[in-house]
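Read from first to last, the chains carry the letters A, B and C; within each, the first residue is number 1.
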Amino acid sequence: MSTPRLFHGGLAVDADHAAPRRLDVLVGADGKIERAAPEIKPAAGVEAVDCTGKILLPGLFDMHVHLREPGREDEETIGSGGRAAARGGFTGIVAMPNTDPPIDSGGLVRYVRTLAREQSPVPVWTSGCITKGRAGQQLADIADMQQQGAVMITDDGDPVADAYLFRRALEYARHFDLLVACHCEVPELSRGGAMNEGARSYRLGLPGIPACSEEISIARDLQLARLAGGRIHIQHVSTARGLDIIRRAKADGVRVTCEVSPHHLLLSEDDITDYDTNFKMNPPLRTVEDNAALLEGLLDGSIDVLATDHAPHTEFEKNLDFASAPFGITGLETALPSLFSRLVRTGKLPWDILVRAFSREPRRILGLEVADFREGLPADFILFDPEASTHFSADTMESKSRNTPFLGQTLPGAVVQVVLGAELLLGRKQP
Amino acid sequence: MSETGETSLLAAPDIRHKIERIAAQIVEAHPDRPLALVGIHTRGAVLCRRVYDILRARGRDTAFGTLDIALYRDDLDNLGTIPSIRGSDLPFPVEGAHIILFDDVLFTGRTIRAALDELVDYGRPARIELAVLVDRGHRELPIAPDYLGQSMSTARHDHVRVCFTETDGREGVFLTRSAPQP
Amino acid sequence: MSTTAPPARRKDLLDIESLTREEIVFLLDTARPFKDLFDRSVKKVPALRGKTVLNLFFEPSTRTRASFEIAAKRLSADVTNLAITQSSVTKGESILDTVDTMQSMKVDYMVVRHAAAGVPAFIARHTPAAVINAGDGNHAHPTQALLDAFTMREAVGELDGRRILLVGDLLHSRVFRSVSTVARKLDMDVGIFAPTTLIPSGRPDYMQAFSTFDEALEWSPDFVYLLRLQRERQAAHFFPSLREYHHVFGLTRERFLECRRRGIRIMHPGPVNRGVELVDEVLTYEHCLINRQVENGIAARMAVLYWLQPAVTPLPDEKEEFAS
């Protein structure tokens, strides 16, 4: 039996207000918001939670997370991933289907959802593969997966290389109004590459992945989406030109949304100095010009969503020479502190846009309930302390994997509490 | 390190006198034998050159060479910078040669040990003798000079410096006392 | 000959990029007396006596390995060779396991060659031994660049303002990257000539590209440096045939005669593909420096072994990262 809680003294941000504003939130014993107003007096029988100096954000939502279960539970499980999500301030995540076996049937969708209900402190939705076995040859049972709860389909990790098959996938998914998400690259151009092709890859002597691999694939996918109708979502956009292509398609009426990761806003190929595989992911870190263009896109709404592409790998796997190491870095726990320290705190990214892209829009695109401070809605918000800091190390992170470029760093800002319904997900003491 | 200033041990005229005496002793010890004079870089080579010039002026021609012992040192591990190598130059057959090795200061004897090791890598000399300008004691190896300019009593941690015009722009042998290192 | 103070010692030599001009000149100056030792009957000096040099070659190589072995032995070091084929070591834990095993054998120097860029750097972080990169993927081959710079300096004296033309498969060549870098650091002008398919994008601006061999020779390079072409590149669509490659990009008889007329020196890191990169006649040309390069390789590698300084071996319970 839980008590009503009054979260008082804090500043709230949401997608509609640029500046944080004073808001007290009274959450009833049933976990629903009873009242939200600038000043609420504490009453008897109500647990008062002092939020002075803290910022209240609607729960964040990450629509691009690799949870590795089934198959690679050494890297991450649904449980550990869910805990990492909570630690990062996320109250909802979407699992990618490139597990082992890949999620390409209703049965496997159900399996993931069941495990998530049992083991994850935050809701986990799942996506399904576009093609059987993610092999790019035949359509997976799309309708079946949707019926079991899949919220989108993607062969993430790979594009659907066969353009004809991809066209049919878009048309079929359209019938069920199911979102098709795309990992955009031309495999033949990217093959063997380890980082962005350019001056840096030359200096490091590493094979490169040219930007046009992504640009060409985005163009192809959007033309097919225009032909097929239906909704398409471009994942992890990393290039300025790729973003331009998306912008033009949007202007043209194509029903496209797209996402960018925090690392593609904050880091570039210049940060790869010492063959540190914690800077290796696909799509790779590009140039500082791309960073700037992507941030601009986020600010002007051309980019709809922020998503981490959380890709855990064990230390053992990543402890290889750069060219051989697997692609991917984690992101759930570092996302908010890294964006806060480098962009929000410096005024380059206003809170409302962050909330729009990292909470409201991903839910809206997937047809899910939007988290907000409105009476009657289930409580779904986090407390963020801008004066605290978060240290990222093996001892302090929830994820089973440590492959993040921020390993060993202490970043300003910390998620101190996650309020989900009647539950407080993080321990009372600060992380 | 506290320096209490330089003391002059030998002035230019003394140095010239000592070198002439070394040259004379060498001639007396080897009236006819062909000799090879070999100086250890840097100042040993200067000293050797002067003796060589004196002997030549007196009609006594000898072979002349220089030795860089950098590669034969026994303390390379501890050095933060590696000394530049100039290389050795021994333009005469070492095999069967009668060599007189020159160095400016004889101290622990390790430099001479390195020079001996290097010389025998070039061949097997008939004999090697040693000529030094200053012997300051504190030997760590059983090495003694055959021709000596001046013997001096010094403390282990003192600094004895030989200056030649060719290398230092001035002539003199100087002693700098310092406090013992902890 | 440098008269400034010698540069401080490093732990590792991983690439040319990180060396200063002073360090490079110091190494070239130091290689000279090592080369003079070759005329002695006793070619050894005791500078590295008691030290162990491990050759850790993950990629096969007879020439470079032999060169390092001779260099180490001439410094009186003990040498062990670990030739590991690609198939048996493909996972990172094997590299680290190998390195850890070597730790317990108290190896002082590791000479590492690997098909993947960054492996010597990776190993250097995990061992107090001094690590020398003997070639890592397409990234760097610093000792090759040093012996080439030594050879060039030996041939013409000071290299400032001199010109080097690099020809051939630049894209896949770590020798190209390291030699062009060392040339630049020594204030040489760098020209390149190759099919566009084999010219790496992202290369620095200072390289002047020529569209024909004749145009490149008109530029009057002091050195023409030919890079080896691997036959496999044909299958990967970098050029249509070896015949065409030789005809357009090789040192044909006509071009060789032009080089001879101009007194241009020819270099090649070896092994040479006769009839592809050059014609046989080049090898007997008086200004063909190829054999000189091999000879100088030993002296240059001796200088490197002499200069580098392994870190102090930690106690078993105090394992730490070792910065170079």
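Just so we're on the same page, a contact is a pair of C-beta atoms (placed from the backbone, for glycine too) under 8 Å apart; a residue touches a chain by one contact, two chains touch by 3 or more.
It should be emphasised that the depicted structure is a prediction, and the values quoted were computed from it without experimental measurement.
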(request) Grab the C-alpha centre of each chain and report whichever is closest to the global C-alpha centre. (result) C
(request) For the pairs B-C and A-C, output the one whose chains share more C-beta pairs in contact. (result) A-C
(message) Averaging over Cα atoms per chain, report the distance between subunit A and subunit B in Å.
(response) 75
(request) Could you tell me the distance, in whole angstrom, between the mean C-alpha positions of subunit B and subunit C? (result) 40
(message) Can you compute the centre-to-centre distance for subunit A and subunit C, using the mean CA position of each chain? Integer Å is fine.
(response) 45
(request) State the interface residues of subunit A toward subunit C in the complex, per the touch definition above. (result) 197-208, 274-275, 316-317, 319-325
(message) Show me the residue ranges of subunit B that touch subunit C in the complex, using the header's touch definition.
(response) 68, 70-73, 76-77, 79-88, 117-118, 121-123
(request) Note which residues of subunit C are touching subunit A in the complex, please. (result) 17, 90-93, 95-96, 114, 116-119, 121-122, 136-140, 174, 177, 200-204
(request) Would you tell me which residues of subunit C are touching subunit B in their complex? (result) 2, 5-9, 26, 29-30, 32-34, 36, 40-42, 44-47, 75, 306-307, 309
